[in-house]
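Letters are used for the chains, namely A, B, C and D, taken in the order the chains are written, and counting of residues starts over at 1 for each.
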Amino acid sequence: MDLRYTPAQQAFRAEVRDWLRANVPQAPFASYDTREGFEQHRQWEAKLSGAGFSSLTWPKDLGGRGSDLIEWLIFEEEYWSMDAPQRVNQNGILLFGPTMMEFGTPEQKARFLPRTARCDDMWAQGWSEPNAGSDMAAISSKAIRDGDHYVVNGQKIWSTRAVFANWLFGLFRSDPNSFRHHGLTYLLVPLDAPGITIRPIRALNGKEAFAEIFFDDVRVPVQNRLGDEGQGWHVAMATAGFERGLLLRSPARYQRTAQKLVQLYRKHQATADRDPGIREAVNRAWMGAEAYTLASYHTVAKLARGVSIGAEASTNKIFWSELDLLLHETALRILGARAELVDDAETHDWLEGFLFAQAGPIYAGSNEIQRNIIAERVLGMPKA
Amino acid sequence: MEFTFTQDQMAFRDSVSRFLMTEAPPELLREVWDTDAGRSPELRRKIAEQGLTGLSVPEAEGGLGLGDIDWALMTQELGYYAIPDSLTDTAYVAAGILAGLPESHAARAQWLPRIVDGSARIAVGHPVNPWVADAHLTDLLLLPHATSAGLELHAVPASAVQVHTERSIDASRRLCSVQWQAGDATRIADEAAGQLLWDEALERGALCVAGQLVGLAQHMLDMTVDYAGQRKQFGKPIGAFQAVKHHLADVFTAIEFAKPVLYRAAAALATKDASTSARIAHAKLVCGEAALLAAHKGIQVHGAMGYTWEVDLQMFMKRAWALNAAWGDRAFHQERLSAALLADKAPLGPGATFH
Amino acid sequence: MDLRYTPAQQAFRAEVRDWLRANVPQAPFASYDTREGFEQHRQWEAKLSGAGFSSLTWPKDLGGRGSDLIEWLIFEEEYWSMDAPQRVNQNGILLFGPTMMEFGTPEQKARFLPRTARCDDMWAQGWSEPNAGSDMAAISSKAIRDGDHYVVNGQKIWSTRAVFANWLFGLFRSDPNSFRHHGLTYLLVPLDAPGITIRPIRALNGKEAFAEIFFDDVRVPVQNRLGDEGQGWHVAMATAGFERGLLLRSPARYQRTAQKLVQLYRKHQATADRDPGIREAVNRAWMGAEAYTLASYHTVAKLARGVSIGAEASTNKIFWSELDLLLHETALRILGARAELVDDAETHDWLEGFLFAQAGPIYAGSNEIQRNIIAERVLGMPKA
Amino acid sequence: MEFTFTQDQMAFRDSVSRFLMTEAPPELLREVWDTDAGRSPELRRKIAEQGLTGLSVPEAEGGLGLGDIDWALMTQELGYYAIPDSLTDTAYVAAGILAGLPESHAARAQWLPRIVDGSARIAVGHPVNPWVADAHLTDLLLLPHATSAGLELHAVPASAVQVHTERSIDASRRLCSVQWQAGDATRIADEAAGQLLWDEALERGALCVAGQLVGLAQHMLDMTVDYAGQRKQFGKPIGAFQAVKHHLADVFTAIEFAKPVLYRAAAALATKDASTSARIAHAKLVCGEAALLAAHKGIQVHGAMGYTWEVDLQMFMKRAWALNAAWGDRAFHQERLSAALLADKAPLGPGATFH
């Protein structure tokens, strides 16, 4: 156990900090769930990419920086400390990129990865379907081979910011007689292809954060297939493991929120203390953010030692999603009657964050599913 | 000793419920959300026709002469259908203030009949609320003016105030900051009488919100039960999963144990019981918790659907989140409750519930 | 809604209060989970019975007072306010008595009820079996007809204070080929019958609070059968409903504990307030006890109006058992390091109560079962 | 930056675990509960033979010269097997105090080798604890004596004290009130040096208990998982029910997120980090919560079996309940944590975790 950053890590931190100080935009962007805001965020992400900070953990020759996970943690700490903009290319960097690196042909890699790293292509997900929420194996959208193409019909839903993306990766049933995890194929689909209709879905905050995507005889060339036909589940799951989950929710995000919560409490302590539970909730929220950080560093160190990681993806999901609710609920308790004001300067971010936090326990496998996974796969309890 | 409602009261509640189910469906609520004024004069007219606006106006002034206990049922229905604030502020809180004036007071004759016939909206500016709800389209404002001896009560015509409206997460709420000038012409009660009226208005406002919160909780539970019975995952309705069952059972239990607290608080207010402020604090806290729990479990069971704008759940969740801090936030009511519990010789133990 | 007690109710309260003031023993009894304490409690219960207060809601001619449920609530308020002793004949009064009144023959009633009311007979339960915990229909102990007798073989468990009782009522399988709820018969068994072995079970607090009862060819006369052969489940369930659950846990018990909790907090406020959650927990506990009381009065009033009661038995069970934990956990938080001392005068009752409260969410149908019942029977959710 | 243990440390932990699994099964614990003295000299001898009593005694004095980080693993194992207090008080807390004396101090040479060879038990009387654990069968007591300038440190032979023993809900605990006389002969550190040693002893004692609490939590989870896999209800193992699965998953999650907090706190203490008191408060709070949760869910899943004396769960629950308030109760550590968070310029945000 050595809790000192190496000179190289310290130098990396200094470099990140200097670059961010010089480049983080002063004026806040519009919400990235609007077209204007999406474009602002995309340009910022492209700028990050130019400095090697966007797809940080990708290999250098693919547009990344080849950073290890400690550098990633350091980068996130500096990034969130600066209140820098939300990241808009996570689908491309964390979900699409690693899958392409593992399963893509050399031609596919050359065609897609640099453009993804530079934010020239922005990716939407095509997993969920109206009748297949947490049960992804129930996918029924079809991709039937017809010569050099697949003909895609069906419907995808809950595709984050798909209204603004230009490509989609997803799973489709290529064998119409198959069941569950079998007979699925992983395809890359340009969203301007004929036969595609994108219907935005407004989220809790009124923004068009998701979309429903309808496929009507959409012809997708076979060279847009990632991995073998019928092997889509394997392709999608191979990189769905722990590291992706880790990168999705960096601890620095919650530490920054916890820090602001402590500041908010200090500012309003006289009124907040009339509710005797608030100070306990503030303590608990800070402890949670710190515990999540420590667990992340601990996991990263174990990964570096080659220890295989099991249930951490599920425990992490439960932990950060409940922490995020606690952080924002506590802030709104402190704000009291003002907490409902949409346009109030002090309230705004807490309220938006509170609405966003509602999704945490639901998406990417609901917390009920995660608890089942822990009990069955880690603790060996029988399936029902 | 009979701690429940009469058959007449229950029948009245049922008729209000049927009326609102027909006349105030979620589609109407969506319309209200999308308009600037945010209110439906048509709905208000129908409500007045039912006699609901005159519920607690004395019979001598044309109303039904009912009271807080009846409103404990009524507010649950108003909460269930998320009826916007102007109705309760006018017909319950403002009516209560005006009916508390001396019988000969001119303001009674001027305004109480208009509450009954639905032709007047009255906004109430209690100091516990940082803003005045619905001040932008009211006919009259009841406003406090602080002196060293207490709070005077002023009745201010809408034409004499300047209003700025704030947006709430609950788009059916219209929160206004109000600029106005207190004067002899507007004063309708002095500090001594006014303070008593404002104190009672606080209790009535908090109770009114508590009732609506438990109604909101019930509606969110009902929507969630419906969804859980229909939506299938892994080949069966999600309501067959034990985790979902337990979410629903927890909400049901919270509601069942909040309602009697609400009723006891209403009875305390109606009889000016010494325990009123503690009982209303208790009701506000547990009704708010039931609503927050119903929202939390509701969205969890609805999954991604519950996170969308198009599924009605969101309107009820947001109203619950907003009302939870209206007429005194949790801190305010926790402090009132603590003060009552920790007082010397506080009547706390067995046998003190109805004394 | 009329929240004034009638003159008759006020007079009843005064009578109860006067009698208790004159009769409640000054010195505390030993635990009723010991032989000495059980006998002390039995004698006290017999004295209560003599004054008509033991089986309060039984008809007068059967040894009760014919009180309604409001009088019962009033009695309990006075009783708990006085810190009077624990009640030791609840099995007889609440479980056995009403069943006997409904299903017993005139001879059986005359034989058993007066002795039960007077505490001459003390009853143990014979429901649970080692492999039938919350699933009572899995009962396998047999009672096979042999002429004028049933021959009983098998094993019962978790029978409260059976070590000190002299009679047992319970369910036995009289049709060895039957399943689940069918083929069960309700028998009354003298615990000194040949072939019975009683093995005490020590509870969490070290006391012999339960027993396991072994039946080895025990011959039970047919006249000790309650109801018809094979109808045992019906007999047992007919009075297992709400009123029994209500009477089992009177609200005054929790109000008294909440009152003491507030007093404890006031006494130790300076140290308790270092833990910011304690005052909130005290508020919450008091609110819970008061809500349970109000719900009880509300239910009693609805019952009196003839309103049928549905899920209240399940919601009540969940509510009081979790409230009881909260009350005692909060007291132990206030007591801090002293909370572990078994013999400390201030700690003793809280610690014993804390241990006892652990059983609440488990027995009489675990809280998981109660939540299933609410979801399935009240909210209409499908069975799994 | 490498926030984990070396392979050597893990291997050592595993060997300790195997040793205790064999030598300190629950049956031994039951024997300890039933004896008056409450300790097993035989077990202590075997532990000393393994070198465990000398874990943090400097190599010069015959020990292994390891430190707080190693104890963060070791205490989890001791907690898992519910090893009574006298071992940790002697081999960790008292050894830490003595090893903090100047190298030439006579008390070191007198006691540290005896800690290593297992021939001495030392009880520690820190003011945060109302009683001194295991004072009834100790060889030496380290006791504080308050002056206006701080706490002196006294080493008092067992023959010079009068001891009265209190019973704990955890029958393996032996809590004593101690009467003794401070004098020049017993003083081994003055107020200045003594205060530093006592302050560090507090952190070490709290950390030691935190580690044991998380070990207890793990043991209760393991017992409960075993039970849920075997016990059948309604025709299937109760572990197949979703409610039971979720109980178990919650405990697992609490433990997984408590351990890294424990390790960070141990590292802070080992390097005398400025954040030590806040980090140890954090560890004590979350390890205690994990243990309380494991007890609560454990008895719930065990059902009536968990409520009995004969099923082992009860011993571990009671030890968790008792240790949760030892070396500072929740209030004490909440207050320390709050003080750290609310200090001006407290280092709270991203990047402060390892600075």
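Quick notes on this structure:
The definition used in the following text is that a contact is a pair of C-beta atoms (placed from the backbone, for glycine too) under 8 Å apart; a residue touches a chain by one contact, two chains touch by 3 or more.
This one's a predicted model, so the numbers in the text were calculated from it and none came from an experiment.
Path length between chain A and chain C in the touching-chain graph (shortest route): 1. Chain pair with the larger contact count among B-C and A-B is B-C, by C-beta pairs in contact.
Rounded to whole angstrom units, the spacing between the C-alpha centres of chain A and chain D is 40. Spacing of chain B relative to chain D, judged by their CA centroids, is 53 angstrom.
Residue numbers of chain B whose C-beta contacts span two or more other chains: 241-244, 246, 334, 338. Chain C has residues 275-280, 283, 368, 371, 384 in contact with two or more other chains.
By the touch criterion given at the top, residues 129-130, 166-170, 173, 175, 232-234, 241, 243-244, 299-300, 303-304, 306-310, 314, 321-322, 325-326, 329-332, 334-335, 338 of chain D touch chain C in their complex.
Interface residues of chain C, counted against chain D in their complex, comprise 128, 131, 133-135, 138, 157-158, 201-204, 206, 210, 271-272, 274-278, 332-333, 336-344, 351, 355, 358-359, 361-363, 366-368, 371. Residues of chain B that touch chain D in their complex: 241-243, 246. Here chain B touches chain C in the complex through residues 1-6, 9, 69, 225, 228-229, 236-237, 239-242, 244-246, 248-250, 252-253, 256-261, 263-264, 267, 271, 282, 285-286, 334, 337-338, 341-342, 346, 348-354, going by the rule given at the top.
Contact residues on chain C toward chain A in their complex (touch as defined above): 275-280, 283, 384.
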